[in-house]
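The chains carry the letters A, B, C, D, E and F, assigned in the order they are written, with residues numbered from 1 in each.
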Amino acid sequence: MRGLFIGRFQPLHNGHISIMKAALEEMDQLVVVIGSAETSFTEKDPFTAGERMEMVMAVSNERDWNDRIIPVPVRDLNRYSVWVDHVLSYVPKIDIIYSNNSLTRSLFMAKGMEVKGTPLIDRTDLSGVRIRERMISGEQWKMFVPASVVGLIEEMEGVSRLRSIFGKGDGT
Amino acid sequence: MRGLFIGRFQPLHNGHISIMKAALEEMDQLVVVIGSAETSFTEKDPFTAGERMEMVMAVSNERDWNDRIIPVPVRDLNRYSVWVDHVLSYVPKIDIIYSNNSLTRSLFMAKGMEVKGTPLIDRTDLSGVRIRERMISGEQWKMFVPASVVGLIEEMEGVSRLRSIFGKGDGT
Amino acid sequence: MRGLFIGRFQPLHNGHISIMKAALEEMDQLVVVIGSAETSFTEKDPFTAGERMEMVMAVSNERDWNDRIIPVPVRDLNRYSVWVDHVLSYVPKIDIIYSNNSLTRSLFMAKGMEVKGTPLIDRTDLSGVRIRERMISGEQWKMFVPASVVGLIEEMEGVSRLRSIFGKGDGT
Amino acid sequence: MRGLFIGRFQPLHNGHISIMKAALEEMDQLVVVIGSAETSFTEKDPFTAGERMEMVMAVSNERDWNDRIIPVPVRDLNRYSVWVDHVLSYVPKIDIIYSNNSLTRSLFMAKGMEVKGTPLIDRTDLSGVRIRERMISGEQWKMFVPASVVGLIEEMEGVSRLRSIFGKGDGT
Amino acid sequence: MRGLFIGRFQPLHNGHISIMKAALEEMDQLVVVIGSAETSFTEKDPFTAGERMEMVMAVSNERDWNDRIIPVPVRDLNRYSVWVDHVLSYVPKIDIIYSNNSLTRSLFMAKGMEVKGTPLIDRTDLSGVRIRERMISGEQWKMFVPASVVGLIEEMEGVSRLRSIFGKGDGT
Amino acid sequence: MRGLFIGRFQPLHNGHISIMKAALEEMDQLVVVIGSAETSFTEKDPFTAGERMEMVMAVSNERDWNDRIIPVPVRDLNRYSVWVDHVLSYVPKIDIIYSNNSLTRSLFMAKGMEVKGTPLIDRTDLSGVRIRERMISGEQWKMFVPASVVGLIEEMEGVSRLRSIFGKGDGT
């Protein structure tokens, strides 16, 4: 059986890991859709799809999930009426969607697909937006992100990138 | 003579009805452009163009305007410099535009078209955004919407859709 | 019951009339999708969506189908994997698709929708491409098109438009 | 040597002039990219690319920079990962980029291009957003904009356009 | 008075020069729209908009037209119903269009603009498509192109680029 | 070291296998870009990106390349001037491009990247277009495609899909 899990992974954090782990307990494989694939170098989406592919691959490697995690970058369409078929046209056949997002759940269920909830995560810290805020303000963030992903972010100089995006001062 | 009236109809409410009625007193037919046709399942635009077509058709039917109201869904271009010609390429020939929106008025007048104001409506309640807020918060909303449209919204489970969009909790 | 029929109507001809007529024998209403809505002033698609709306409306009027034919312009997406949902997001709810096009049939059937064939038409003459060729070369074409549509095409100076598109001589 | 300077010029103001002047002290020519070229008639971008071309041309004329300033309108792509090549595909070959924007600087430097800072400008008044606010509220704004551009804005009735955009009262 | 002339300039050749020259006899300035601005590295459109800007600038320089020729790259929209306003939104205000293309002529005239013909050019040789064919096959082509443009094409290694596009051998 | 190989895989055939095999002799991993990712259900591109993902995954599985082949669907932009950065934004960091296509080679080399040729393949039979022709005409095709991919195509009823696309008889 193959599951589907959709995220933006800006960056991939321990909350995502818990969801992947839980899904892989039930599924043979998990397709990990890297959403908003064409957005990058913005405050909300600093990393490119390719960099996020690397994050997913690093984690798969670390945890020996190489044959079981299938990352697929998918761009936004900003049209929810065709969004399910857009996603499905990009991925190998799947059996179940894992999501707690009420809109995602409704849209997939409306197409007759099976949807399952994901483990509840404490969003206080395990949230992309919080981790990016910590990166910008200089607070601790590395404990919320897998070690291999921390390494990648350092290699890409991700924190300084995020700060130059944040402070870009358009002023127009 | 044929008039043009542009709205988003999220949902169609009694304010729209007053405008249509006033325009039909002067015109043989009224083209009703259903704007932002490709946006749906968002907080601001929960209903699809097709669902909004059904709302307009239900009202036309109810009021015996079938031969006189011509609904046409038109997507946004987000480019005002070509917007008038975009709209005009989608609709049968028209003589007059009905609008109180100052930008719409200027853009159509700049093309040499005749523009007329619409009856003033009390926006406290007769506004899409207020009606959607009422739907979300559980306040009364049905008195602001024609009965046939209330019926359609119930059939589509529109209120629960709007709530699952509102509470989607992206948290990323 | 409501049917769906998709065409480009460049221009609307007697073949389309036969199909509409046959469908209306079985259905209460027929949604007539005016495809490639954003293409016009080309050799293959000389008329705008709005002009084609007028053609459908003229025919509905002539034949007393005003309450039963619902024209809806829909632009091309050029992405068949999401095309069915694209079309469905634009139209009021439908029960059956009328089409002889093998790809249209497969795509809608793959979504679990009921698809019916349309009456066979002699394509030698009742084909948009043939009628446009006749317009360009100066051959007879009016016998293949409803009288009201002939009138509209004359009003729009459609034949001379088609010729100026055809002979545009880019030469670059 | 040819420099590159990117702005939105909504409207062109004395801050832009200082930057152009400083760059022309070092460069033979300066390519002036008119960004967000396809956006107009919005609160943030009231003027069309063509109108902004006229502003740049008026200033070039006034200051005898006709052979040295090369205005080029370039639309937004909203994809920073390909943005540098997008801009470069639109302009004649350049040697140096002038920018204080930290994101622009990083993106061009990542492509191995030379980037220089521009003179610091007092953003309290010399900022497009502040000038547009002054136009809307009826405060003084003409002292911040070159005389020839003031003339153009008056000819286009720019202030009243901006106000009709601002007060458009969508209310949906 | 300001004229408008639209071309693709793949490459700029002596036929374009004749048209510019004739227009400049009647006009103070000529806006030269570089069409299909976003297409490049194809057989029909080998050069980028920026490279074609350079061709126009080189010719202006050579002929002392610097203050009178205003090149503006404009991308295709592939929607003729909004095309005139698209072009007009990109350029400074113009008085007259110069064109022999029957479609361009009709579209601008339909907007109430004045359109003038251009000098007839012998298309046997003075045509972009013929010059590109000569480049590919190794025939003489330099006599049909201004010397300064020949120089630019050599600098860009334009002929070998065109051949690698032509022979790309996709074979899929 | 990581290589990059770009194909459309309509369908994946033995020619692709030879290239992957050769590249994997030199590289640790090979990123396999599934091009034209958003095109499907056309004569030239019958299979969706997701179906082509399955083909690549089936082959990786069969040949024990699971940790070494990284398939990534990437849509067309139809803008060669930004195409390299578009592709690179989608994939994990790569060291070398494998391609015999002269345009691809030039574009990547112009960005300073290393490009290597791929083994020469007899295009008489090992070509997507030839295999699709054979599928349509009923000739033998299975000997040119890996067994696991034949199995997938049969499961998807790919041949009958291709025929219904081919014979769609638009006739408009």
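Everything below uses one rule, namely that contacts are C-beta pairs under 8 Å (C-beta built on N, C-alpha and C of every residue); 3 or more make two chains touch, one makes a residue touch a chain.
Small disclaimer: the values here were computed from a predicted structure and weren't measured.
K.L.:
Based on which chains touch which, give the shortest step count from chain A to chain D.
P.N.:
1
K.L.:
Among the other chains, which touch chain C and chain F together?
P.N.:
Both-contact set = A, E.
K.L.:
Rounded to the nearest 5 degrees, what is the angle of the rotation that puts chain C onto chain E, matching CA atoms?
P.N.:
Rounded to 5 degrees, the superposing rotation is 120 degrees.
K.L.:
Which whole number of Å gives the spacing of the CA centres of chain A and chain C?
P.N.:
Each chain reduced to its C-alpha mean, chain A and chain C end up 43 Å apart.
K.L.:
Just the number, please: Cα centre separation of chain A and chain F in whole Å.
P.N.:
26
K.L.:
Among the residues of chain C, pick out those that touch two or more other chains and give their numbers.
P.N.:
Residues 38, 40, 48, 79, 81, 88-89 of chain C touch two or more partner chains.
K.L.:
Linking chains that touch, what shape results: line, ring, star, complete or other?
P.N.:
Shape = other; not a path, cycle, star or full graph.
K.L.:
Name the touching chain pairs, would you?
P.N.:
Touching chain pairs, listed by label, come out as A-B, A-C, A-D, A-F, B-C, B-D, B-E, C-E, C-F, D-E, D-F, E-F.
K.L.:
Touching residues of chain B toward chain C in the complex: what are they?
P.N.:
37-38, 40, 48-51, 53-54, 57, 66-67, 70, 72-73, 75, 88-93
K.L.:
List the residues on chain C that touch chain A in their complex, please.
P.N.:
Chain C residues touching chain A: 77, 79, 81-82, 84-86, 88-89.
K.L.:
Under the stated contact criterion, what part of chain F meets chain E in this complex?
P.N.:
Answer in residue numbers: 7-8, 10, 78-81, 100-107, 123, 127-129.
K.L.:
Which of the residues in chain C come into contact with chain E in the complex?
P.N.:
Checking each residue of chain C against chain E gives 38-42, 48, 161, 164-165, 167-172.
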